[in-house]
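Chain lettering (A, B, C and D) follows the sequence in which the chains are written, and residue indices restart at 1 in each chain.
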């Protein structure tokens, strides 16, 4: 299990090299900065210390619940340009259902429980903070 | 949209380079040869011609159904060693739900509708053909 | 009509050839199965339990009652195990 | 007791500092909110609508009724938007 919280871009291929050795199924989810309405970048604030601990706790909980054989979570903070990856989770399991569900569960949790806050950066500078979505809260209640 | 059917190993990082540009969410699923009961490799037979057409048709159907902005399917045939990737699907969409559902749907279809047949290879040579699972048929009926 | 008949996986092994060209008067897949099963014991044995056999007509999945009108290629194989 | 109080995102901006050390007699998070809101208008405005505020006590998510017994660090922030 590996959890990384960093401002630098991450090399997905390098992080996934050897990931899930012995597993039958590996699922990855990558979240990228999408160019809605003149956005040029996102700025992510986080809670140093709590972020790493919360991500690790939750990666462990997902591994237990879905019998995952490996979990990777990498999440950036700071300024992230349009089109760039913000974060990635990867899950490994003997079979596909557990790998899919583990990744899906981790993402629902990350969206509304991991201590990150996104602000939109437009051509003219910092814009508003991204509002939490009710749909994300609802998604979490599925589990 | 890209569909590859090949005997050679594939380079996931190279295939995913630039995949889903402009999307907010990318999901990948990779199926690997798992070492159950003395297995040393799998041998995959396929139906040349039909395989490529069926995969392309279904990738298009998934793209339409889940409004995916990009789809990649790569599937190997021939002998595949223990631990090696057999296949990968990748889906891109504006949001995570569509990317997850698109990949999940493609996998359920691939498991029981794509014309591939797996045989187990043990230390002593070819063993039995892998039996289709009722669970895979049931999984497909969800959609 | 002339049909290319293909076999995959254990159907290929039991019948002993990956493909054969047959002259057929079959109107449906089920008729073709009956003609093939009448050829020899190997065909008969491989096609005895149709619940374990899937079929494609001109490279599209079909069922035993599918028409063969205009068909050129019929393939028989076990349930698929891809992914 | 002495508490480190942290603010993130728009709470940090409205209050004007990312963290402050406070002397508190609060027994619960809700008591602490009342003490902070009494400090000045900025604190009061930022903490006025608690439905838009989340809290962590010693880096664990908590609710407004959580006890502060033994606590060292309390953080206030908007609903998270990670992933």
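Everything below uses one rule, namely that contacts are C-beta pairs under 8 Å (C-beta built on N, C-alpha and C of every residue); 3 or more make two chains touch, one makes a residue touch a chain.
As the structure is a prediction and not an experimental result, all values here were calculated from the model.
Between the contact lists of chain A and chain D, the overlap is empty. Our note on geometry: chain B versus chain C, Cα centroid distance of 26 Å, whole angstroms. Rounded to whole angstrom units, the spacing between the C-alpha centres of chain B and chain D is 48.
Chain C and chain D have Cα centroids separated by 72 Å. Across the assembly, chain A contributes residues 31, 96, 107, 111 that each touch 2 or more other chains. Residues of chain D in contact with two or more other chains: 83. Shown are all chain pairs that touch, namely A-B, A-D, B-C. Per the touch definition, chain B reaches chain A in the complex via residues 12-13, 16, 20-35, 83, 94, 96-97, 99-100, 103-104, 107, 111, 139.
Remark: chain B residues 31, 44-47, 49-50, 53-54, 75, 86-87, 107, 110-119, 129-132 touch chain C in the complex. Interface residues of chain D facing chain A in the complex, by the touch rule stated above, are 6, 8-10, 12, 56, 59-61, 75, 77-83.
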